[in-house]
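What follows is subunit A paired twice: with subunit B in the first complex and subunit C in the second.
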Partner chain A sequence: MKVATRPGPPAFLRDPRLLTILSVVAGLILVLIYINTAIKFPTFVRFFINGLVESAVLFLVASGLSLIFGLMDVVNFAHGAVFTWGGFVFIWSFNLFSTSPAAAKDKTSPLAWMQMGLDPLPATLLALLIGLAVGALLGALIEILAIRRLYGRPVFQILLTLGLVLVLDESLRIAFSLNAPSYDLLSSPWPSGNFRITPDIAVNWKSIAIVIVGLVVFLSVFWLLNRSKVGLVIRGGVEDTQMVQALGYNVKRYFFGVFALGSALAALGGIAFTITSNGASEGMGQLNLLTAFVVVVIGGLGSFSGAAVGALLVGLITPFVGYHFQAIADSFVMILLVLVLLVRPQGLFGGKKY
Partner chain B sequence: MINVNVTEKGPEAANFELSPAARQRLDKARLTALRPGGRLGFTPAGMVIAIASLVLLVLPMLGLAQTNTRLISQVLIFVAFALSYDLLFGFTGIFSFGHSLFFGVGAYSVALCSLNLGWPMWAGAILGVVLCGLLGIFTGFVSLRVQGVFFAMVTLAMATTAHSLSGRLVEITKGDEGLSLIQAADAPDSTTVYYMALILAVVAYFGLSRLINSPLGRVLVSIRENERRAEMIGYNVLRYKIVALAFSAVIAGLAGMVFAFRNGIVNPGVLSTDISLLPLLMVILGGSGTLYGAVLGAVVIQSLNFTLSSREFVESVRGWAVVGPILEHWLLLLGLIYVLIVLFLPYGIVGTWRLHRHRLSGFFKKAA
Partner chain C sequence: MRLSNQPTSEATPNEPVKPSGGNLLVLEGLQTYIGQFHILQGLDLAVPEGAVTVLLGRNGAGKTTTLKTIMGLTPPRQGTITYRGESINGLTTYQIARQGIGYVPEDRGIFREMTVEENLLLAARGESRAGYRTHLANCLDLFPDMQRFLKQKAGTLSGGQQQMVAISRGLMTGNKLLLIDEPSKGLAPIVIKAVMDALEKLKRQVTILLVEQNFTMASTVGDYFYLIDDGHNITNGPMDQLVADTELTRKYLGVGFA
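What follows is the complex of A and B.
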């Protein structure tokens, strides 16, 4: 007996993998046409590399958000504030570490030991550790004091984390006694110098480092979530908390860990952002947070690799849009968000129904 | 006992930690907003508000300092704004995060029509009302297909886009510098603005009260309570939500216009996220789903804002230990108020009162 079906494309065309491959191929063809007509090749490569670095920074923020928002369904606006805190703490400790003891103004302060006069590279690594620790600590505090009572209540999470944004931003202003809107690095955190691909095209060493960090974070978190026992417990806990709890795992503690990890990743994103732009500003957190939300939604909630693909897409397209249409450069990401939510609300790789 | 509860979703999720009896009480408390006697809003709370507005009506005739006139008009503007938000959030259950879009469009339409086109104020105001209504319908049409957090994010995206455009289109809006309405010939003086704000707030209160107690309003509340069921009964939920959004947009736009007159200047700040956050906080603090809750929240938040960010207050707390530095920074304080309200007063002042009222009456009965 023949069952009546809705008319539509044949089954093989509805396979999401095939669709993805087809759209990537179509995108590549479009890019080739674009290079041939609109822009010179070295310019294109420069934009592309800038876009890659931007994607890496964006991915670091979005990866934390993908864990917190995509996986655990917690709408965390304080993520951006943690990002800003990470960047500021990084700059502060980097500046302290690279001040030589002889040049120190106040030798009696309790932080005098930090003024070791280190070279840029070890100072960066130490400051990175401090920034990450502060990020994780802030995340842990937010989880313990607030989010823990509000799992499953998105409206209250939004309100509460917005209140936290006000508190964190204002305390940042007090802690770093900000009068000027920006806060800069004393010296460049990386040895200057470029890596030349061809005589025309040079890449900054710090760009390469940031892209590598992005890749490492992607691989390690992917492994943690999908190939390790811990990841199994977390994914199971999201699906059915009570069942996993009944099997003897303390799901609460695992969620706490995920939240702290996500916040540390936000701080890492902030640090990467300050390194690329040689300074930090108060508003950078909120700006990057909105973009990261878009990235997570484009990639699909709950899909970690989706967040990576979304970050690549947004990061690579934005410089070109900014180059051609300056008026909508700021709002491009927002337009993208609206389009994605209207056409495919579950995102590219999302299995969840919005 | 398992406390973490991630999988529970839907309208019930908001009060899952309450006992069944408490939940029943809360439902009953929320639904008493619909009372046949309150068709025109002349419930006890409505009477209080009517008397208060009469007092406010005669106040300027008894002589009122100009600073106080401006102060009260700002409170009244935000009362109307919070009421418009309550229609969406409290009664229809739509969580918008970009309400500043309508507020800002209202403000900008008056300023742009009068300064760039040379229109009289009333023409700009009419255009603004029409524009806000259409914008509400458009926004609803585009973004109400997605729900919950995602609707909030789409509206946030729209408001952010409008905010960045208003800063970018320097030739039209003069960018961050803003448009000064004081230059306009027919700019109203502060007493006129006061009466405009008063009329707006009173009409918004009693008009919304009438709306909510009409068949339309009951459908909106049924959508809040259980959207699926309302759809199954046969109501076109999307259309009703769009109507609610359009009404709310018009009132918010009017509030934005009076705000523009009151400040005498319109800059991209009227479209910022901070403006979207204020009515949300007011409605949550007062108690969502009750009109007088929104009024209460707006009055409390605005008076806190005025007293706590005033120079006298900041100077008086400067010397205090520990709390001094916190009290000095209004934004820090506002953030803490937010967090404390969400954690300890999630149903607002009115909701909490209704939840615990029986204890009080029990106590009095025991005493007697």
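What follows is the complex of A and C.
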């Protein structure tokens, strides 16, 4: 059978997985429009935007987890700790970068060079890079020192990464000399201010930026896994490690890369969460990790697109549920998990790797 | 330790004729353990360049382990492996593969979740787009049927189709040596014939070390044979010699009983 090349959208857009995601999103929008009839339009839009931002943050944490837990089958509880570290490092470096040299209290500090009095935009971008780098570095260290010896041994992974959570959380307290469990941004990171859709409805620029970052991360990692050679090696390595090595690839290096990338995404999630909530707290990692695990399971283990859809479902519906049924707002995520698993035990996109 | 591309003569009484430029791969005194089991017990083997060498023996003789040992999947405790005159002892599997050795395992090692095309693309390590197309055209020439199921998920293919993909994968980087483990296993006779024809054509492109239980296939495709038992050599020589020796084939390969 020969498939004739048809004119039309590029192959990338004709991917069945992408189409499924788009239809789920379209369905979701219809449901939301229905809910909209019950509440006033501006409130609806506010909720919707909040939901999108929450989805984006959730997706960032869940995407890293989807790579490490879903794809490589490593149960990594330290993912949440890396999330927290990302947020704290971001705040710390943002605060340093935006402090002007004149206002600096301790001019003899070895970090005095960082006090450049930058504008919020460059300070945010620089701090973002540092946060991501620290996330990737933590992931790299965890992989080299611990996980590398424990592939395929989930019980040991759980024990070890739970221990790592304690180590990382305590070292966070030491590194940031924390007395109180939270840490605040000294000024608002870019982009501050609002974008007015209509005179009644204003959307925070920060929110728009975070949603765009979430979308960009989704498209890039989707492309990496499904359209690039690196993705082939990773998927092959997950399926049959020995055979990929027999084809001449150093699988260890690729797994190491995936782990570092997943951890950088955890840190990015922490940074996004920090920006939306204007500060970071010690417990934020574990709290978000739990939801992220649920998102990954709802989406289907090993399915990256599933993690995106799961994050959208949880993030978008939660604010509306909270509005209409206050009582179950907190437990809603778990209710959704139970419902999805009842209908599809393998998760929405489960059974397909990547 | 002495590194040589010549087999030790005392262990290989019937030294094969070298058709071109000597031996591509030489194993000397290989000792391999899997867990506590001593599988290869001083195996010697020489694979002449440009020919098909068939490794024969009963179940459990150590044929598959020999291939795995060459690939570094079950590294030897003792002995040397020399490829193109250089020792590849101690190299990891991926480094050995990069020397130009392709491996087609017994279970075919197909990536079931990927399409056939993706399987081949993955195998074309370090190849440019043009290089990939050249190798792909070569494989399609060898297995014209593959054109039909290039876009299909490899896990949905039949055993014979998977075997075509597995062998093609070994040809996507211009490997000099292919290690093929029981390509006829579990295949229908008509499919075995197709694989045999392909191996006949393949002989002109690449040196092959073949493990095969099917004596018809082994004797048709093979130029040289090594008969091993309990992890060491029994005898070796040109394939015609083995075909003529009915006593030997009856004793070790059960040929003639069927």
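Keep this in mind: the second predicted complex is superposed on the first by the 307 of 354 C-alpha atoms of A that agree within 3 Å, B and C clash if a C-alpha of one lies under 4 Å from a C-alpha of the other, contacts with A are read in each partner's own complex, and residues count from 1 in each chain.
Throughout what follows, contacts are C-beta pairs under 8 Å (C-beta built on N, C-alpha and C of every residue); 3 or more make two chains touch, one makes a residue touch a chain.
The structure presented is a predicted model; accordingly, all values stated were derived computationally and were not measured.
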| item | value |
| --- | --- |
| Partner with the higher number of touched subunit A residues, subunit C or subunit B | B |
| Which superposed partner A:Gln245 touches (first subunit B, second subunit C, both, neither) | both |
| Partner chain(s) touched by A:Arg235 [first = subunit B, second = subunit C, both, neither] | second |
| Touched partner set for A:Leu159, first subunit B, second subunit C, both or neither | first |
| Subunit B versus subunit C as contact partner of A:Phe222, first or second or both or neither | neither |
| Residues of subunit A contacting subunit B in one complex and subunit C in the other | 239-240, 242, 245, 251, 354 |
| Residue ranges of subunit A in contact with subunit B within the complex | 72-73, 75, 146, 149-156, 158-160, 162-171, 173-174, 237-242, 245, 251-252, 255, 290, 293, 297, 327, 330-331, 334-335, 337-338, 341-342, 345, 354 |
| In the complex with subunit C, residue positions of subunit A that touch it | 1, 3, 229, 232-233, 235-236, 239-240, 242-251, 352-354 |
| Complex contacts: residues of subunit B adjacent to subunit A | 2-9, 13-14, 16, 95, 97, 142-143, 145-150, 152-154, 156-158, 160-161, 164-165, 168-169, 277, 280-281, 284, 325, 329, 331-332, 334-339, 341-343, 346 |
| Residues on subunit C engaged by subunit A in the complex (per definition of touch) | 71, 73, 92-94, 97-98, 103, 105, 109, 111-114, 118, 121-123, 125-126, 148, 151, 169, 173 |
